[in-house]
Amino acid sequence: MLSHSSVDRSVYLAERVAAVRRTTLAMLEGLSAEDCMLQSMPEASPIKWHLGHVSWFFETFVLEPFQVDYRAFHPRFREIFNSYYVGVGSRHPRAERGLLSRPPLSEVMAYQESVSTRLLELLQNGRVDDSCLDLIELGVHHEQQHQELIVTDLKHHFWHNPLLPVWRDCPDEASTTLAPLKFLFYESGQVELGHAGAAFAFDNERPRHRVWIEPFELACRPVSNGEYLAFIKDAGYERAELWLSDGWDARGREGWQAPLYWWQEEGQWLCFGATGAKPVRLSEPVCHLSYYEADAYARWAGARLPTEQEWELAANRYAQSRDGDNCGQDFAEQNRFHPMAMNAQAGFFLGGVWEWTQSAYLPYPGFRIADGAVGEYNGKFMVNQMVLRGGSCATPQSHIRNSYRNFFGPGSRWQFSGLRLARS
Amino acid sequence: MLSHSSVDRSVYLAERVAAVRRTTLAMLEGLSAEDCMLQSMPEASPIKWHLGHVSWFFETFVLEPFQVDYRAFHPRFREIFNSYYVGVGSRHPRAERGLLSRPPLSEVMAYQESVSTRLLELLQNGRVDDSCLDLIELGVHHEQQHQELIVTDLKHHFWHNPLLPVWRDCPDEASTTLAPLKFLFYESGQVELGHAGAAFAFDNERPRHRVWIEPFELACRPVSNGEYLAFIKDAGYERAELWLSDGWDARGREGWQAPLYWWQEEGQWLCFGATGAKPVRLSEPVCHLSYYEADAYARWAGARLPTEQEWELAANRYAQSRDGDNCGQDFAEQNRFHPMAMNAQAGFFLGGVWEWTQSAYLPYPGFRIADGAVGEYNGKFMVNQMVLRGGSCATPQSHIRNSYRNFFGPGSRWQFSGLRLARS
Amino acid sequence: MLSHSSVDRSVYLAERVAAVRRTTLAMLEGLSAEDCMLQSMPEASPIKWHLGHVSWFFETFVLEPFQVDYRAFHPRFREIFNSYYVGVGSRHPRAERGLLSRPPLSEVMAYQESVSTRLLELLQNGRVDDSCLDLIELGVHHEQQHQELIVTDLKHHFWHNPLLPVWRDCPDEASTTLAPLKFLFYESGQVELGHAGAAFAFDNERPRHRVWIEPFELACRPVSNGEYLAFIKDAGYERAELWLSDGWDARGREGWQAPLYWWQEEGQWLCFGATGAKPVRLSEPVCHLSYYEADAYARWAGARLPTEQEWELAANRYAQSRDGDNCGQDFAEQNRFHPMAMNAQAGFFLGGVWEWTQSAYLPYPGFRIADGAVGEYNGKFMVNQMVLRGGSCATPQSHIRNSYRNFFGPGSRWQFSGLRLARS
Amino acid sequence: MLSHSSVDRSVYLAERVAAVRRTTLAMLEGLSAEDCMLQSMPEASPIKWHLGHVSWFFETFVLEPFQVDYRAFHPRFREIFNSYYVGVGSRHPRAERGLLSRPPLSEVMAYQESVSTRLLELLQNGRVDDSCLDLIELGVHHEQQHQELIVTDLKHHFWHNPLLPVWRDCPDEASTTLAPLKFLFYESGQVELGHAGAAFAFDNERPRHRVWIEPFELACRPVSNGEYLAFIKDAGYERAELWLSDGWDARGREGWQAPLYWWQEEGQWLCFGATGAKPVRLSEPVCHLSYYEADAYARWAGARLPTEQEWELAANRYAQSRDGDNCGQDFAEQNRFHPMAMNAQAGFFLGGVWEWTQSAYLPYPGFRIADGAVGEYNGKFMVNQMVLRGGSCATPQSHIRNSYRNFFGPGSRWQFSGLRLARS
């Protein structure tokens, strides 16, 4: 017999499933079927593929094992929309996702609807145990991750079109001056970090564990565009002594001279975003930096990047000082998909831009990979990547928390990745 | 004052322009805007791009210079739809043509219509001289070349979709047995080759010139699938002594074991075409071969590829014997886009499959490149390519002739490229 | 006036300099000038280049700044023998070090002798302050690092010669059976790690700092060839679920099926080493593994790699239990350049094979990069690499210690890199 | 019984074998074993490898089949010194020839001596038939080809050393002014081309065949450095309209701005050669050009490259006018390995620099590949290459003739490759 709490949880998850999938579909507004085909690099998938993949995840890990007599929506989708789950079978090559004109977008939207309907049936007709509910909850968060990727991938796709397409039309905020950067001091001590409690978290945020932290200082907000421009003007991109060796090589090989999506026209710095081409606003947090650029900037500024432990400790302290609230409003729910000016946001640790830490993405002490194909979710990527913390203007607010660990290779620039300075 | 013949020619060309552009649009039937975005390799352009490019050609070389006060349909199309004309200005990178979701297909179709209208106005309102008419005629033939590329590129794009989309639905012909291959003997002698007369021909078919030809034999038809299968079964792909050195390397690097679009399932050879996956038919001409494979097959068969001079001489003789008619019916007009069985076609030199010759693509004696950007049409590609003759099932019949020189790199396989055997 | 201790230190360092440089020259025994030219990959330098580079280091950082009126041995050596010090000026490309037939080996040996003579003059004629002595001491340890690279690079170079040249002729030890692997338990607690005391250490081993460690178990010795063969026989190289995602890709791309330098002949596993081709001995520690292979093996064995903190803690405990002695005898001084069987070595943490840890190579809390070009020594490589601990059969015994941090990219296999298992 | 002429031919060939192999050894003068190890690119082999390969050729094709009880000098040399003869068995990878420090140069010289001795024994003890003598004669010419490659490869190797080593020390000729370029007119007509008579020629020069040639003009001498400098100054390297499309791409990709081995210092053009760095002499023939550069220069000069048929016809006419002598003195026998000023050489077709023709390297009508491994000598390279004619300052005079066809890819620049202008 199912427990009372499973029934409550089913009701709760039915609402979450409905809401998150409605949001995904709403994101397609303003995009044509042609836009949803684009693939500008192997790492950035077509929007249509993201749409199919989030349904694939529910179908593969929830509907097929838990719904009696489930018949696949389409026999080939198992292969076409598998991302990297070797345990599930063969996959369509990642770099060729943009070559799938068939199924058409309309069919993938029908897939989305069909999977939603079946999921809600499963939840309403009840009789699902916690292992199934866990997977549905994972699927909700998984879909939210892909919502952010839809934003960042689409931006990268459109960047390759000389017409610089406009996706969202938002009014500009009034521009105000940013207060100078302040550092806050944190004493050394032993702390517990990692996700605590029963609420949902990814496996890589667990287990909670003890850490000794040496004294450090952390900036009250991320670095701004204005501050980053001073680095550029001080020849930051031409001075090898500021860079990690691999970063210096990447800079030369890729021809980096500014953040991704920036260029200069007649002395003015412009950038590309959801609203097309615009002047670079000084009071916004700088983003679309690689780890190498973030690291070089920090060295130039006489500082360093924080470790993820320092970052989480400071974010937790800030949240405690505000009764748990350390979110600003700079999240995907704004539907702007571009960071807000920091004047009103100063202090918040969540939202705006992801912040590179100097921590490599590695397992916490006692981490164990889950059994089965879902075990491929996080653990197998724990090498060659650096941790980012805090979420961005493209992250759903309900998706992020202080213990959340995002991770990308040190040369990646197409996420909303910025930095916050630390000092020993 | 314009000559009488210019007026007649205007009327004639107005009909040709209208017909060829109608045909191009008709080819899009059954294709979605998503299908028209596909780009499976840098060499194979999206169908939407082909559509824009053929209008770009008329706009750039005819409307802009010859129509008074002509205003470009879209200011950025000059760059987006330029293929390789350095003299016309900068170009969107070839490998990124598949990243142009904007302009949408509907806008490119409007472009097609607008350019057609303006062209017909120009021709009807008269007052165009021969230099302009020459360019319009060139544009017609240029568009026919792209009609063939639409077929071959689309086939390549669809090949990358595991669903193996079907484009055309044609009934299969009855299968009959092919008569054994015969060789015809040609005596040595001096002949005139290259395009003769005033009718349209590309610059690379001219000037007509004298050639001495040693005695040779030429097969009465191209090599069939059945004959090529014997080569495969005789380990043709594993015997280095049959291959050119560069071909042997390409074979290993690319993993060739059969023509492009062929694969084996449970002992049966299948191939992919406009009607999806089908068994390989023995009596069709083999195609989608690289020059290297054609050359290796010929060596295995104790023969060789003909030179383009030998081929043209034989095709001319055949045409003379039939009062000028050496076309079968295996052309794009059939709308099958797959070679017909050769039983009924034996003897014809035009249509079916392109035939690799052993001649490198080089200028004829006395060849001169035209002035201006149009001079980039053919001449600048005269290196690293081999000549193919005869046209294919994807070539419009009104486009091909005995003196026509097609050319591709020796490793190319996505055209309908087969071979005919010769012997000294 | 120089302190008394500086004088004592000068005497000490004069002996060290003389000894280490004698050793470097002695390593060339049995090698021809042709052998010393070899460069099998960009990462593995020619022996002649190593020889020039260690002298270049002393010349550039000691003789030029500290010896009055010093005149460079050769004006172009500053460029030719610079490794990666951007601050020192331009460098000959790393991948082309094997193209320097001039200067001949004899001239580079004269360079070695000249620099040694000048260094000893500088030290004997006294009047060198601690900053200079620090650099000389650094140069001694730098040269020892290159001694190890001479061994590992030469092995890689010779591996590309189908004649499989023999470099050293050592008698085989008697083969004995290895005792089963045991794990030792370590309680959680706060410890101090990193280099302590005034003796020489590299900057990356400092500063000493506090760390909290959760309870763990660590194996009493590295994994053996025999144990690793069981992984191979259990299809360890074919099971994706055992591998990190990047590791699985590297395995496929590089075709790994066993450790580097291993191959199979008639059912027997052979390996290549300083004594040429030999059967794989079961009781030796396995080595020439990438991080990816070490990690996959550990997962297969139901264990994991230790962190570098766990490793250092355990090594320190072991040393305490033996009055500070935790060295076996398996070091470069043996002149065997191949790991010994572990029977007699069990328990030791230093020597034999380097042990991959699951720690990324990152700065310790409070780490600062030194000013000037010497600051490029370690700090700029702190990304994309994993830490190895313990030294190997190619490491000079006087060079290694518990706090020593070696680092390589996770795909590197040409060092003597093995592993020791840990468990939470 | 052997014919009388076979005996005479044996005597003749014994002298030739002795002379050519003495010359090869003499070329090593001034080179160290380290120099002979260099390999700067896969296409340019180490000198030691060339030395081994020419002996391998005699051993494999003459001694093993024709000498009774022949025992290989070294069992592994069959693999190590095989160039591209698939029929002979596996080969050491071309790009790794520079990694063979063993066998040492001294052993390869002993191999050279041993093979010479055996060859002479075979010839003197007689009883060798014509098929064997043919192979010995082929081996002599094969070795001469490698003598030229020793010169061009060594130049390329040394170019990668910033010390720019000097190989030969020759006095400079007095500099004189070059007479303006003249064109000679040739009428159209049918001619016989290709090698005639019984004397040695490579298979690709045969069979002799009839060709119809249209009227043309040909320059009386190759293009000079001075003339080529005018092309550079006229922005020849920046004007796309002068270049073949593939050439324009190669130019950009490789960064070409002048011939290989040229660079500018303080306004002066310098070049690298056998005597080290020297100013560019205006009256020398320009060389180290790719086909693309030669073609672009010709277009810039309002001319074109000749076909190989035009070239051979003109060279034959010139020779007839001088009783067969159309050699200057600018050959390898001068031991200068750098082209002479053209003042005294004007008119000659042989020697100095190779001349690119606009002819692709293809078989003559009736060409047949020889049976067996020797058949791989020429025929399998008949694609993707252009023909060069005339020999160079690095070609032995006894090796060259009017019908000689050399061939390289259109992007190759490390041969002494220049051009002579033609006009229709």
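Letters A, B, C and D mark the chains in the order given here, with residues in each chain numbered from 1 onward.
One rule holds in what follows: a contact is a pair of C-beta atoms (placed from the backbone, for glycine too) under 8 Å apart; a residue touches a chain by one contact, two chains touch by 3 or more.
Small disclaimer: the values here were computed from a predicted structure and weren't measured.
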Measuring between mean CA coordinates, which chain is farthest from subunit C? B
Calculate how many whole Å lie between the centre of subunit C and the centre of subunit D, each centre taken as the average of the chain's C-alpha atoms. 47
Using mean CA coordinates as chain centres, what's the subunit A-subunit D distance in Å? 60
Report the inter-chain centroid distance for subunit B and subunit D in whole angstrom, where each centroid is the mean of the CA atoms. 38
I need the residues of subunit C touching at least two other chains; which ones are they? none
Going by the touch definition at the top, which pairs of chains touch each other? A-B, A-C, B-D, C-D
List of subunit A residues in touch with subunit C within their complex: 84, 86-87, 188, 190, 209-212, 214, 216, 240-241, 243-248, 291-292, 295, 304, 358-360, 362-363, 365-366, 375-376, 380-384, 386, 410, 424
Sites on subunit C touched by subunit D in the complex: 32-35, 37-38, 40, 76, 79-80, 92, 96, 98-105, 157, 160-163, 165
